[in-house]
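The structure's right below; bear with me while I get my questions together.
Chain nomenclature is as follows: A, B, C and D, assigned in order of appearance, with residue numbering initiated at 1 for each chain independently.
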Amino acid sequence: MENFEPKIVGFLCNWCSYRAADLAGSARIKYPPNVRVIRVMCSGRVDPAFVLKAFSMGADGVMVAGCHPGECHYIEQNYKAMRRFYMLKQTLVAMGLEPQRFELVWASAAEGQQLAEAIERMTDNVRRLGPLRWAENWADDPQREEALQHIVKEHEEALEVIS
Amino acid sequence: MKYAYYPGCSLECNAAAYDMSVREVADLLGIRLQEIDDWNCCGATEYFSQDELTATAVIARNLALVDPQLKQVVAPCAACYLNLKKTDRLMAEHADFNQKVNEALAAGGLHYRPGTVQVRHMLDVICDDIGEAAVRDKVVKPLNGLRVAPYYGCQVVRPYPGDENPEYPMKMDHLLSWLGAEVVDYPVKAHCCGGHMTQISEPQAFELIRRLLQSAQDYDADLIVCMCPMCQLNLDGYQGRVNGYFNTEFKLPIVYFTQIMGIAFGLDPKKLGFGKELVAALPVVRAKVNGLAAQAAQ
Amino acid sequence: MAERVGIYVCHCGSNIAGMIDVEEVARWAGQSIKDVVVSRDYKFMCSSLGQKLIEDDIREQGLTRVVVAACSPHLHEKTFRRACQNAGLNQYLCQMTNIREHVSWVSTDRQKATEKAKALVAAAAERVKHQRPLEQGFVKVNPATLVIGGGIAGLQATLELADAGYPVYLVEREPSIGGHMAQFDKTFPTLDCSACILTPKMSEVGQHENVKMFTYAEVEEVSGSVGCFKVKIRQKARHVIFEKCTGCGICVEKCPRKVVDNVFEAGMGYRKAIYTPFPQAVPRTPVIDTANCTWFTRGKCQVCSKVCPTQAIDYDQKDEIIQIEVGNIIVATGWKLFDCTRIPQYGYGRLANVFTNMEFERMCNAAGPTGGKIVLRDGKTEPRRIAIIHCVGSRDVRHNQYCSAVCCMAALKFGHLVLEKTKAEVYSFYIDMRTPMKDYEEFYQRLLEEGMHFVRGKVAEVTDAARLPDEQGSLIVQVEDTLLGTQRRIPVDMVVLMAALEPQADAKELGLKLGISCSMAGWYTERHPKLDPVATMTDGVFVAGACQGPKDIPASVAQGAAAAARVAGMITAGKVTIEPIIASIDEQKCSGCRICNNLCPYNAIEYDEEKGVSRVVAAMCKGCGTCVSACPANAITGAHFSNEQIAAELEGILWDAIADGRPASAAPDGSKAPQSTPVGAA
Amino acid sequence: MSKGKLALYWAASCGGCEIAVLGIDEHILDVAKAFDIVFWPCATDGKVRDVEKMPDGSIDLCLFNGGIRTSEQEYMAQLMRRKSKVLVAFGSCAHEGCIPGLANLYNRKAIFDTVYKEGSTTFPENPQDHRPQPITDVPEGKLSLPLFYDTLKTLDQTVEVDYYLPGCPPEAKNIWAALVAVLEGKLPPKGSVIGLHTTVCDECPRKRSEKKIKKFYRTWEIIPDEENCLLEQGLVCCGIATRAGCGALCPQVNSPCIGCHGPNDGVEDYGARLMSALASVIDSQDPEEIQRIIAEGIPDPVGTFYRFSLAASYLRRSKAFGGDGAAAAQPTPLAAKA
């Protein structure tokens, strides 16, 4: 756990939050390297399926970042992102995911510092929660192999009895 | 509404009028105050500069003693209010410090988790929790004609002003207007009263006191209401000395805001602690407030 | 057939290589990522040699996809796309990933930074394989331009374009163009008469054959996009018929109703209920202020109608909506003054002789309410001592953190006017004196010599509570003089507050109509703070003047001209390229559920009732992708940001999570969710 | 032409699919004409050992319904795969887990608790809290039961599947159409879902307009009008995201679609489509109001969005009871602190 470095996927909108990340870079603001960025044109492009896929593939957290409400480059599409975020979050929490693993962040193109802080905060939170390893939830039963072998053996024995 | 109540030392002696009027007014407004059992001194101003850790531990003991059912503690004294609030903040913001304070508390079998108790001033409780409608509802003797200068002092609005402008707070102005008083908008309402300077350098303290009295008088105030025992003591108790020192003739009564509320609510002045101040307030109040003079004559 | 991917990792000198082991990233990518045939690192990919490297590889190695790991695509995406295009590879088959701004510059641990860079490279490589060649489209540019705001910036922009022969629509909210500059007496540091240099421009605009002016009008609605905006303008009812009015002014003269003028005179003077804001107003046509006109409020009077020689008064006039079409829009909506009552300790509104800078401007103006005399609120007493307080509402974390940029110079100008017109002493209370432009510092020196007093310190309060006999009856300015290191109390007769410049109250609202955003402080955001200061994120919408941030007259004029030059450039080019990143609907899959129909703020989705399917109008789509991710039938595809591309990017970006996070026993099942590891064994 | 060999098998499902096969009515005679039914435990007296003895790939078509809940079902899935040329995931359970897949919100222990401990019918009979054991020693030897898995898997998460026939159960006309396709050799590309490539709205006769939702209703809260789109009336109708082919059966009788046909072509997570579409048209920009609309209108999000497809979704199951239930059910460190 000590050395656990969470892997967080960040969906950043092209106009505000991606530029905020650019600005954080230009300003040499340091933050943890755990958020890996996927650029989308708008937070409204973020499909819940991307988030679910990310978790299923081993992401420990997912961040969606867009322009502030009312400041969307596409006028109001970030509101749609917000609605989907709450809808998906309710479902994820119902499935046992810790709410801190899925966050929505607003960062304008001028808010490199704020975005860096949000990344730092989320990285800390997820690190505290530990690895997610969602796919292990459906790992095979330890007794599975034995149980299958047992069926094969029983059937063979039965065949012997008959013949 | 029920709150833990931390009167503090002043309210047991020189500011007894504050304690009496707070309890009377609270009772009438349905504010239930449950005094903290076995509370101790807040250490006033000095202890913090002597030994921060001990001072904090001493204050934190009071927070730890708050009935866990109650989430808020009311302190009428500005210094007590600030010290309790400061303690809670210090413990919340500095984990190691919090740990040390709690080690000290543990010696007495106590523990305090910062943030559990919200520290409130009586003025905030009345203005924010009770609100305008309920206060107006209780006014039976509107203070029409009485020019009241609200005096905030330092410690309630600094450094934690809440939603107030620390340079120019307004809450008591609003409250007084609900009571029907003419509120004096004078420029020094949040300036310093001199605090403990009276014990260190009288000329400095007297100058600070004089400014307040002068400005209130320039704006034709009939009396000043305050919300801190220290302020009341300086403005009222030292008024005579200031007059002697500067050759002035101030005669401004200084009372607590809860006392003047009590008058508007029609409560018995004696039960509100009137008469304990040095510059008598009742004659002024009776002379100015319409209808009160006649009532007093009866 | 498998794609042939080339990977190029930039050192950016030491900007990237200093924190990321770029050789290792390139080596690893070449060995581990499927379909990668070339993987190189290079000192400066954006140099012509770096670009040539890519071009040569495309030609010689037959690359079909290119990944450049370097700086932000906002800086160099075009560069590398062009390089690909030069070598015959469609530019949309090139993907950039940002390992400088997003990795090297923000990281402190070389190993972790290198790991992150690998993930980003893997993501880009997986994504690029799914990218499709796309072609850019073109839209013709309407040569007409809309300028919003008739202040000096908007006037300048209007004249530049009109003089160049292009039609301009100018919309101004107030009854006259001119803006704040019309209110000023003198301009710093040259002390030119403001009206003398402004009014010629105003009348030029008013008479220009290429300018159609809408005063007392506001922009109601904007639709369309660069090249072909459709704009609805609300022409507010003037109650004076524009065509009939000769501007003789007799109605104003005879109107019996006097009203305090809070706009032009900043509350210092009066106007009539029917009025033109000031004598040199353009147009000369007055307006009736219906909130104060006795005919409108009490149903009596009609004097103006009786005296009008041309029957131009029309009490029944209604607001009118006018539709225009333009190719570009210049926003020059300016600023509003900070409300000084928000700082009660300075006493504005409470202490009579505390003035704002705009009030003082009007007082100094010879055409103003006092005829240019500097007097106290009583209208007659000349002050003996005047305090000018800087940074009221600026450089103050409680109000506005920014510097309002013009107040120091305006304060110096006031100082000069006071010293010139009166015998008063003038004190300037400043935090820092900011005089960076041409001849500004010299002007400061001049005021030092003229005897203006400068006290460095933020004023604590302005009070009438006197302490000393000589303070009686004065306003006392309490300040810590930070040069002397002492508290000072300076008694004065008059205080002038240099109030901050703030964004217009409805700046956000207009921004929403135009699709441009505001900074946290509320100023319009330019496309790039240094390299593209008048363009915005929305193509075809430009900003000029103080609506983009506080600035003085020369800077506003320069921006107005700059914005006009940008627009003229667009008009001359005649067409703009349209990004092919748009959505499209597969009619086979679309069930006509109509979920997407009202998701598009640009109304680019229409419903075909007959076929029962929805359709994207390509020319109107801006490519945000919101409808793509909303479609429940998976019928909408977003070009260049398709589900497949983003899914592939995810697989790349989580390559190491897939490698180490997945239980071995789950590996052989043929499930859909985690696909086989996208990159070979590392 | 020699007759083809047909097998049908029933794993974790309700049995409805078996009956649905009979829904093709007299066409069953055509089936009998075209195929030898070599294995159909529900209807014929075939034995597993007979199948085991068949050469691999000797069955032409196997219609397999039900998800994989136990070791026996997994064994059978592997066996039928090995013996069959064409393996069809028949019906929603085999296709995407269906209702039995919703048990993936729990694990073996929780399910057994419900059945053997808390269930009102079992508890009085089971005071010693007996649980099924894979192996039980008795004097005569070892008795065995199949191992009950923590997680239900779909057929294609267990073995390779050639085609999918959606529906709970598949409609008779679609079953017959699929059989005809097999007989005529006109099957679509491997891995396809046999059916239409659009969603239920396409077959729904209701009137649709632009959508804005201020409140979601549950079916018992309102009686919808019969003219207009049910979703526009606030009912969570899954037709927008559900593959067409049923003829919009449920909306036709004034009941919202519940999504048994699963998603349209190319969709990997059915619930994501529904969530995204529904959230997009919520008519509010206020975060608190949005959360209230969702929380009040959709109290059971997993059951609403993944009623038939939880096991086939990206996440497949819940976390709190995941894997080895006891360990995973521990509260998270943060939750423990609060």
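Keep this in mind: contacts are C-beta pairs under 8 Å (C-beta built on N, C-alpha and C of every residue); 3 or more make two chains touch, one makes a residue touch a chain.
The shown structure was predicted, so the numbers you read here are calculated from the model rather than taken from an experiment.
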Comparison of B-C and C-D by number of C-beta pairs in contact, larger one: C-D
Separation of chain C from chain D, taking each centre as the mean of its C-alpha atoms, in whole Å: 54
Where chain B and chain C are represented by their mean Cα positions, the distance between them in whole Å: 48
Averaged-CA centre spacing for the pair chain D and chain B, given as whole angstrom: 69
Residues of chain B whose C-beta touches two or more other chains: none
Shared-contact residues (touching 2 or more other chains) in chain A: 47-49, 53, 56, 76, 80, 84, 136, 138-139
Touching two or more other chains - residues of chain C: 599, 626, 629-630, 643, 673
All pairs of touching chains, each written as two labels joined by a dash: A-C, A-D, B-C, C-D
Contact set on chain B toward chain C in their complex: 165, 167-168, 185-188, 207, 210-211, 214-215, 218
Sites on chain A touched by chain C in the complex: 5, 7, 9, 15-16, 18-19, 21-26, 28-31, 33, 36-42, 44-50, 53-54, 56-60, 67, 70-77, 80-81, 84, 108-111, 116, 131-133, 135-136, 138-140
List of chain C residues in touch with chain D within their complex: 588-595, 597-599, 612, 626, 629-635, 643, 669-673
Interfacial residue positions of chain C with respect to chain B in the complex: 343-345, 347, 350, 460-461, 463-467
Residue ranges of chain C in contact with chain A within the complex: 72-74, 98, 100-103, 105-109, 112-113, 115-116, 119-120, 123, 508, 512, 515, 517-520, 525, 537-538, 581, 599, 601-602, 622-626, 628-630, 638, 641, 643, 646-647, 649-651, 653-654, 656-658, 660-663, 665-666, 673-674
